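Down below are the structures I want you to see.
Here come two complexes built around subunit A, the first alongside subunit B, the second alongside subunit C.
Moving on to the complex of A and B:
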């Protein structure tokens, strides 16, 4: 039991993820398969670092400039954090419980709109309640959770593909409702959703300004900005980066929360539902209750992501919540592999870097190298191609149509993943529902040492294995 | 004794009723809610008509619009329902086959309408520059250039079929034995890729392809119309013709029988020697062809369209298919009728920008209460 502690501590210098989790880790892990903090963290760090280095080198070499490259890296991190948050929340639905929710945009919309209405100034049009932002975030989270609760209770027994359609329909209902003119200002009150024009409120990332006013953090921030300007990085990029750091703290919190859920008795019930709901029910598990709780919690988290993402804009409108953003999160989860929290984080980051920001980055490089003087239509592009100038077509596709290219890449990645690797990059890591590692039983029965796991852990694992098995069995509800 | 018996009977009955009332399943509750809602709305409609608050003419106009809408929804829904029953997955790319039909069909129609006068690029891309022609200048209406419109219609069907078959070959054929959810996710990928490949060429802006529709003012007295929009009429005639043709095909040909057999039980169909790949080929051909025609006809009726035309229609199509019971083609027709009428007749009570919400809510309620659909879920064509 003393071993896992030093196990966690050396990690603190690599990144901040597990150090606050270190103390909780041992007692949790003794009873069930341990979350592999160390190797997971290393993996995340490797992927992130490799991506940063790759983008930086390519960006600087291609002449896009330091500011633009750092800006890209900043937005990769921002969107990486956002999609990691979304994928983690979705992982609770799909990865653990097997509930196929494609209404994420709707829950994000509920969260973000609740926040905006709560925070917007009472004099605005439409008016808000002028509450402080943290209250708004909490309200948005609760509202999304309640919406999930209302949606899931009647639809519990609906087939998986029908459930998908129900949730998509729900998200469209939400979007069309906030877009509707009749809800722009409800009744005679000044409050409402603002219809197609949306609603204006203090953005959530004003927390950065507040942070700068604090004694120590503000000084460090000020130094950072001065440092940044000497290397040629705009202060706006850095300020945005500080908000991204706040988001990363949320990623850590989500990760810890979901990993703890996954390794709790409740989490095992969820995984059992995913594998075989009937069997779980036959064993006396209250599967309905577990599904409702998991869905509502996941929706609340999605609402929170909505407040953190869309709430960081000064203005939100129904167009921010097209069903497309649901599929962003879905691809992020599928890339990482459903059923794995670490996979969700890596998937969110990889999606943000290569699919979401990739085409925009290529656009930046094209602009730096070929200029911006490209035909605005496919007609013009092909005409110039016919006249012997292929750069027009390249510029047209990669510069003018960068967003379309992004969606095409998104679609193609989805197809290829489904054909080649339906389990995603880390899908093999899908956690099983058993409280003990079933794969370890063979070697132990032979009297041998466990063959899996990292070497430095092998000694303690062998001792704790048997009590763990019995504990795990008894503790399960 | 008799009294005692009745007393017991009554108390049992009361108990039972109390039982039912105290713990009704969510399904029963929702069914009750829906029935109550419909009754209230029907009574209100009668009241409005009786008090003259609403004219009969308005109700008839909503109903007619509902019928027209339900026809193009039906054309698209048939294909979705067929892929659902034969390939066993919810095809989220079906809406984008509608889009494919709209763009490919009208590109061909423009090409023929303006052949020799304007450049090919300008015509196919619906005049991307201000210098190009408009639909009006090309005379894109059924009276001025019937040939171009007709060829466009055929081209919409053929090109959409070609693209659907290519997609099947590239994507779905490699996943024949994958689970429904994997196929669903792959179809989302297909939908995005297809839509934005179209977007690269035609941009995401909205286009206007037709000239204003010719209106027939002189109408036989027995028809309940004051004036007749010929584009609308073309839509109705084409759609009804195709639906009747499909009915004949399914009921009276060997192919139809094979398709129904395969929808019922794929393994059994294989054993009895039904060439499943050929049936799948036929499924895509019919389904995509009808979807392409639907897209083409919607543009004929509305004039304006963008690459999102099919995606925005997709949920309505799904709603229709679900209402009718997934997999049942006749169910899809009934479902389309209900959805088409819902989005139009609901305008009596709610503002126009909430009517799709009514349709989606109806869809969700039906999925909860009667997941097999209104016709009881016969999963056969």
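Moving on to the complex of A and C:
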């Protein structure tokens, strides 16, 4: 604060800036951003590998068997990728823009249903259009984006929790609509949503079969399957694993896209909307436009996730799109840290491994060690406990009620997180929204402020002399 | 230098383009004109026919007892509230009822009574947000490969400007701090610095000295005077009469939603009505 120079002459100040480094380097921005990328990639790799090793060691030692263990790891990765995709899309809404969207399941439903109707065979019941799967995926993504657009425009002024209720309502409207009798078959056409029975279509993961038909990829895949079978891994696990690899490619694509947004003036406006929309508006930012773009894009991505996830089933029905899914994605983002894309990926994976799949894995281990002969009711379990057999209660909880154990784990994780790390695993990081590293000064070569600096200032003012001429067009837009 | 140019430009503009034939009370070159402004909230008339002008390149004070309608007037000018009547013209063009972002993009930028820094963004991010005409504010430009290069190029220029402004305000040592960690006075400085990043023509400061310690207050005033010399115009709402009387060329006094008097500080000090309004209004 105690500046020796009373005039605040920039020439003396610059010398004090510690970050002044060597000559101006045109590649500086990428040079500064890439190490961050690498360290983040390394971080994700570390978390994933540690989890794999942990599950593998525990699985093999506990006698669950190689196939079951590898199957679990496969499905951790699959759901890890799915929740990472969901969390990344949600991060754009909630982490960046502060739009409290709890209608994720609805946008996934729109994506998945559009895909199914587009892809299903024209002879089926309900009938589809028999389009190729990639076209269906694109249509699903676009449909979800358009739905987001339709939803966000009238609700621009609705804030925070009110916006949340609108989105939740929307997702339920979508679910109940596809379930409704009247949309089961629309009018006299053969098309429709199939009502409560859902719709049957070629699954998206049939891409694996297509890949195996390709010359080189197919050969490699064939070798992998033979190798896998020699160590006792079923070919179905490996085939599923290949689809998971495709999903990982999507995670990378999402990550690159959203990181670019995060490190851009657009991302900066989104962050400013989250922090204080009126302040952003008062600085001349068109916050409405930014919100519409961000929301529609995020919804399109959620629709895409819906097609990739639910589309990999042969059959989808309204029950696949309960609000619980929205909740899962939120937990994944909270675990990872809202506002951080790397955090979203790690959160998605950690959620899938320890909360979503963890209890099922424990169930597998219990089955391998204690069998499956457990009481089916709590009453029975406690009766046997009273008779002096504690394994009955353990088995009842961990085997019969494995899915419910998930909620207990979920609650405990959330409580611990709120106490120990309220910002999530990576939410505390300072992630700067700018296309360049702001701490480095560009044109300063030797620590001295060039004399033109002050003239520049006058120059830029000169340009604003006639704002009517430069900004006159803004009004008519 | 730019001052002179600016004066010449607008003189020409006002002689040609001004179809408005109202009498300018002793103000030759008005940058902001407010005429018969009205704003009601339910049954309360917050602003009741306020009219005044702000001279280009001046520091104009807006004072009045609590509830006189100063902040509402501010909000009506800045586009936060849509006035129920009257008109507002900036630089000879009507801006009545414009959205806040439109007003700001015309070069009329305001700060807030309670500083509205963007808490979970760093000081530098705050500064980088403000400049107008950022190409990367469009979604596709910030993402697509070729266009992104242009965006990065512009970011580099903006970064330079952000640092310069921070140095001017002597808060560059806080550049990488979250804005929420700044003291109240530093936030006020940041808000002013951020507003300048938009290349404004005129700044409207809502109680810039509220909660600022005397040392920082002096500094803030120095900055304001320095900026005025560079050609910026200021409209300042302030409760501290000393600040207004010692720093403004013109003072506008509001009372019960209307303008009670306007003139030089000495004229205002001599006006008994003003003294009465203050004593009667504030208790």
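As a convention for this text, the second predicted complex is superposed on the first by the 389 of 477 C-alpha atoms of A that agree within 3 Å, B and C clash if a C-alpha of one lies under 4 Å from a C-alpha of the other, contacts with A are read in each partner's own complex, and residues count from 1 in each chain.
In the analysis below, contacts are C-beta pairs under 8 Å (C-beta built on N, C-alpha and C of every residue); 3 or more make two chains touch, one makes a residue touch a chain.
Treat the numbers as computed from the prediction; the structure is a model and nothing was measured.
Asker: Regarding the shared-chain residue A:100, is it in contact with subunit B (first), subunit C (second), both, or neither?
Answerer: It touches subunit B, and subunit C stays clear.
Asker: After superposition on the shared chain, which partner residues are touched by A:180: those of subunit B (first), subunit C (second), both, or neither?
Answerer: First partner only, subunit B.
Asker: Is A:405 contacted by the first partner subunit B, the second partner subunit C, both or neither?
Answerer: First partner only.
Asker: By the touch definition at the top of the document, which applies to A:415: first (subunit B), second (subunit C), both, or neither?
Answerer: first
Asker: Could you tell me if A:166 is touching subunit B, subunit C, both of them or neither one (first, second, both, neither)?
Answerer: first
Asker: In the superposed model, does subunit B or subunit C contact more residues of subunit A?
Answerer: So, of the two partners, C touches more residues of subunit A.
Asker: Taking the superposition on A as described, I'd like to know which of subunit B and subunit C A:257 touches: first, second, both or neither.
Answerer: In the superposition, A:257 touches subunit C alone.
Asker: Does subunit B (first) or subunit C (second) touch A:235, or do both, or does neither?
Answerer: neither
Asker: Applying the touch criterion given at the start, work out whether A:275 contacts subunit B, subunit C, both or neither, answering first, second, both or neither.
Answerer: So A:275 only meets subunit C here.
Asker: Using the touch definition from the top, list the residues of subunit C that touch subunit A in their complex.
Answerer: Of all residues in subunit C, those touching subunit A are 1-2, 5-6, 9, 13, 78, 80, 91-93, 98-102, 104-107, 109-110, 112, 116-122, 124-125, 128-130, 132, 134-139, 141-143, 148, 151-152, 155-157, 159-164, 167-170, 172-173, 175-176, 178, 194-195, 198-201, 230-231.
Asker: How about subunit A: which of its residues touch subunit C in the complex?
Answerer: Subunit A reaches subunit C through residues 1, 3, 8, 10, 13-14, 16-17, 29, 257, 260-261, 264-269, 271-272, 274-276, 278-287, 290, 293-294, 297, 430, 432-436, 438-439, 441-443, 453, 456-458, 460-468, 471, 474-475.
Asker: For the complex, which residues does subunit B have touching subunit A?
Answerer: Residues 26-27, 30, 89-90, 121-122, 125, 128-129, 171, 174-175, 178, 180-186, 188-197, 199-204, 315, 318-319, 322, 350-351, 353-354, 356-357, 360-361, 363-364, 367-368, 371 of subunit B touch subunit A in their complex.
Asker: Okay, in this complex, where on subunit A does subunit B touch?
Answerer: Listed in rising order, the residues are 100, 153-156, 158-162, 164-166, 168-170, 172-173, 176-177, 179-182, 324, 327, 330, 334, 376-380, 382-383, 397, 401, 404-405, 407-408, 410-415, 418-419, 422.
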